[in-house]
Amino acid sequence: MVWQFDVIILTLVIVCGIGALAVKDLIGAAILFSAYSFLMCLLWAIMGAVDVAFTEASVGAGVSTVLFVAAVFQTRRRSKD
Amino acid sequence: MEEITALLVSRYNYWAFIVLMMVGLYGMIAKNNLVKKIIGMNIFQTAIILFYVSIGAKKDATIPIIEHGHHGEEVVIKAVDYINPLPHVLMLTAIVVSVATLGVALALAIRVYRQYNTLEENEIKSQLSEE
Amino acid sequence: MKKTGLIMVIVTGILLIAGTTEFPDWADPNSPASSHVSPYYILKAIDDTAVPNVVSAVLADYRGYDTMFETAVIFAAGLACFFLLRQFNRKRAKTKMYRHVPTGIIIDIDEGGKLPEENSNFERIDSQWTPYDLIIKTTCRIIIPFIQVFALYVIIHGHHSPGGGFQGGVILGATIILFAISHDLRTTIKRLSEKMASVFSSMGVFLFAATGMLCLLLGSVYLDYSALSDLLGTDPVMARSHGILIIEIGVGLSVMAVMIWLYYNLSSAGKHNEGL
Amino acid sequence: MSEQFPALLITVPLISAFFITALGWRSAKPAYPIALLALASALFSSMGLFGEVLKHGKVSYRLGGWPPPFGIEYAVDALNAFVLVVISFVALINLIAAKRKVDGSFSGKSPAFYALYVMFVSGLLGITVTGDVFNLYVLLEITALTGYALIGMGDKHAPLAGFNYLIMGTIGASFYLLGVGYLYLATGSLNMGNLSEIIPTIQSKQTIIFAFIFCLLGLFIKMALFPLHNWLPNAYSYSPPAASGLIAPLTTKVMIYVMIRLVYSVFTPAFSFGHPILPTVFIWLAIIAIVMGSLLALAQKNLLKILSYIIVAEVGYMVGGFWLGNSDGMTGAILHIANDALMTLCLFLVAGNFIFVLKNDRLESFKGLIHKMPLTMAAFIIGALSIIGVPPTCGFFSKWYLIKGGIEAGQYGFVAALLFSSLVNVILFFKIIEITYFEPETKDGHSLHHHVAIPREEAPLSMLIPLAITTLLLIGVGLYSKEIVTGIIQHVLPTI
């Protein structure tokens, strides 16, 4: 494992996480959350947790995002904070 | 200098998990929008999963799929060669639980929207106090 | 709220940081976590269960009981979503909108008007802006079978490579969701009704629980697949391997159905109209 | 058969949930009998298990046939078995009473209600019976998820209450999971028995202490100990009456059981009570919970809200009593788990009857109820006496043990809080009973004359019989308190 990669991805994960909470557009937040999940999945794959990474890629980055978008579609897209 | 980097790197995962947990917790408690709260909840849960996966990591080891001889040759299995599989198992469960919670949370959020026609908590509170 | 939140977050952060001071070094092979229970799994998984993927072996056998409840959690989520959102007896809209696909003209049909035939060039829609995209539809139709084959591979090959019931089930569910997104929810529900989704999801968990029950009835303890060896005609170790396959299939079925069920109810808020 | 009770106990309700769902698409009729049968079998299994444990001592069940630190183990001792009987009994009684409340509500989704109901119960039973800290988390989540759905289907404010409960509940469960992670990091094991052997041998305890703090923090959120109680009153009072009679008596009690279990069987009493600060902190938290819960209950205008805040105070009783650390306090806390479950069940069933007839639970609409629903009111009075702590109802005995324990430990603040809360309960319940003696106002605002009889409008029999059983048990358990304490609870207490 190359630690530089690890550090870069971890930083990106934190940035995406904060971004998902900060963005006012909820669809954007959902997509950022998806990116967050995907980076997390990469991180776990680096650490050798392949099964967990696989699950996170399909569940976290895949289905969760669709569910978020579906729910936002049924409610309101703009958020005030 | 090298030692400090080594220390930082050796604990970097733990720091990241703490930061993510704080971010998630802040999102859950302080954000007004219900969908934002749910995103915070998910970040919080993934942070814990990151923590568990970090526990399972092992230096100079490979993924926990045992090499096995197909044609009868004996392969000696050594525990230090493979990453600890137990945290992975636990976290598979945790991921599934988190997506289940996500589904119920979004369903409740849609119900809340149906009732109050908004997802902002402070607007709902002001509607409630008007009653 | 913001301030109390911030204070609580900082307090938790301090607790967390204070808690890490005596952690063993990262990725230390001699840490207690890696040296107490887990070596047993790595050393014994093949002898006990004939499954090289230790994660699958532990997930479905050593800690199979966790996995059963995990499937039950998923099932409960699907059921909860249905229970919270589904609206059965809504007032039907007076006018129905149809689009003539070749020309793109949208017509409103009032109550009592003659509805166009099934499978004709007309397509039922709910809102004016619903787009129609031939390329997306066709592409999705072509790639969905391939994704499904991959998902089946992931389920079946979970013994030897990363993957298993959950991952495969989610991918299978995602193909149906992809179909629903590229076409519309009504068409999808016509192919795979909500009833089917719910019955499948309960059937998957039932398959899991019933396998456990069968072991119990055959004179062993709950979820001890080696009791199935006479029934399957293999030795106890292979019986465990087959038992794991059976429950992976159950898990896959259940997870697939619940993902679809969740999507049906969330994307239409329980109304089951055209959806996303 | 009897050695399979631990597995049957949980899987029979779970499997019944799938039958209910699958058959529910055809017809809603079989749902109720299946659920009834499943819970009756759970009660039977837990009784059988209880008998087994009393006869032969600890029962261990290896799921999948793997020996404990590698597989999941069910470890049942007298404490588990006792709580199991309480859970399955309360769930069955409330299910019988729920039939009429469910009919007609939930617009054709009543099978889903019953399926979620039995899954909730099987989750609670699993939490009680399991001997694996991670398995406990999974079961905690299944209980929580079904609970959110059941609560969210209540009246118009219920979805928001359910949502807040979901957020807080997830924080709680996640903290518990984090604590388990710390434990795993320090010991490498997840089995409770194995953990309790390893923990005393560990030299530097700091990680264990933080594991302890995080686990308990999570459980405190789940059990709604005072500053973390915000989710509870709304969730319990807005939920549908059919569900609140299940959730309110059981959830907080089971969480207190989990706390006791963690202290006894994981962290070991020597470690937990040996810490210089934490037990005292917990006792003071409990005192604040009792006082604040009682005061907030006084300020409410709805019966269900009052009952919810009383639950907040009662949580304080049990947490405080347990952390006193002497045998009287712990006896009181464990006895109070059963007593409080019964009392809360009784009062929530009464509230359910009121809501069934009156369609709301505002105190001002209770005028004349003593004539209108005399049987329900009789049960209410007995339940109220039990909460206040009047002998021979069971509430008196647990409170007596708690006070004795408090005096013995020198925690006079705790004793004072208990007495204060009893006093507040007296005021509270006599205020309600007084209101029910008032005559209802007629439409033009004048009160009726005495000779005009108020028509009786009692709840249906299927709701009165469970209520009657519960009320009789309140007195029965009270009369046999001594036997319960010497026969069961004394076996459980550790030697410190």
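As written, the chain order gives the labels A, B, C and D, with residue 1 at the start of each chain.
To be clear about the criterion, contacts are C-beta pairs under 8 Å (C-beta built on N, C-alpha and C of every residue); 3 or more make two chains touch, one makes a residue touch a chain.
This one's a predicted model, so the numbers in the text were calculated from it and none came from an experiment.
Centroid distances from chain A, each centroid being the mean of CA atoms, peak for D. In terms of C-beta pairs in contact, C-D outnumbers the other of C-D and A-B. Rounded to a whole number, the gap between the C-alpha centres of chain C and chain D is 32 angstrom.
Each chain gets a centre from the mean of its Cα atoms; for chain A and chain B, those two points are 10 Å apart. With centres defined as mean CA coordinates, chain C is found 18 Å away from chain B. The distance from the centre of chain A to the centre of chain D, with each centre set as the mean of the Cα atoms, comes to 37 Å. Looking at chain C, one finds that residues 23, 31, 33-34, 37-38, 41, 53, 55, 59, 63, 66, 70, 73, 76-77, 80-81, 84, 162, 166, 262, 266, 269 touch two or more other chains. Across the assembly, chain B contributes 12-13, 25-26, 32, 54-58, 61, 63-65, 86-88, 90, 92-93, 96-97, 99-101, 103-104, 106-111, 114 as residues in contact with two or more other chains. Each of the following residues of chain A touches two or more other chains: 50-51, 55, 59, 63, 67, 70-71, 74.
Contacting chain pairs (ordered by label): A-B, A-C, B-C, B-D, C-D.
Residues 15, 18-19, 21-24, 31-38, 40-41, 61-66, 69-70, 72-73, 75-77, 79-84, 86-89, 195, 198-199, 201-203, 205-206, 209-210, 212-213, 216, 220-226 of chain C touch chain D in their complex. Residues of chain C touching chain A in their complex: 53, 55-56, 59, 154, 162-164, 166-167, 170-171, 173-174, 177, 181, 259, 262-263, 266-269, 275-276. Interface residues of chain A facing chain C in the complex, by the touch rule stated above, are 50-51, 53-55, 58-59, 62-63, 66-67, 69-71, 73-74. Touching chain C in their complex are the following residues of chain D: 4, 7-8, 11, 14-15, 17-18, 21-22, 25, 61-66, 69-72, 106-109, 112-113, 115-116, 119, 123, 126, 134-135, 138-139, 141-142, 145-146, 148-149, 152-153, 159, 182, 184-190, 198, 204, 206-207, 210, 213-214.
Of all residues in chain C, those touching chain B in their complex are 1-2, 4-6, 8-10, 12-13, 16-17, 20, 23, 25-29, 31, 33-34, 37-39, 41-43, 45-46, 52-55, 58-59, 63, 66-67, 70, 73-74, 76-78, 80-81, 84-85, 160-162, 166, 255, 262, 265-266, 269-270.
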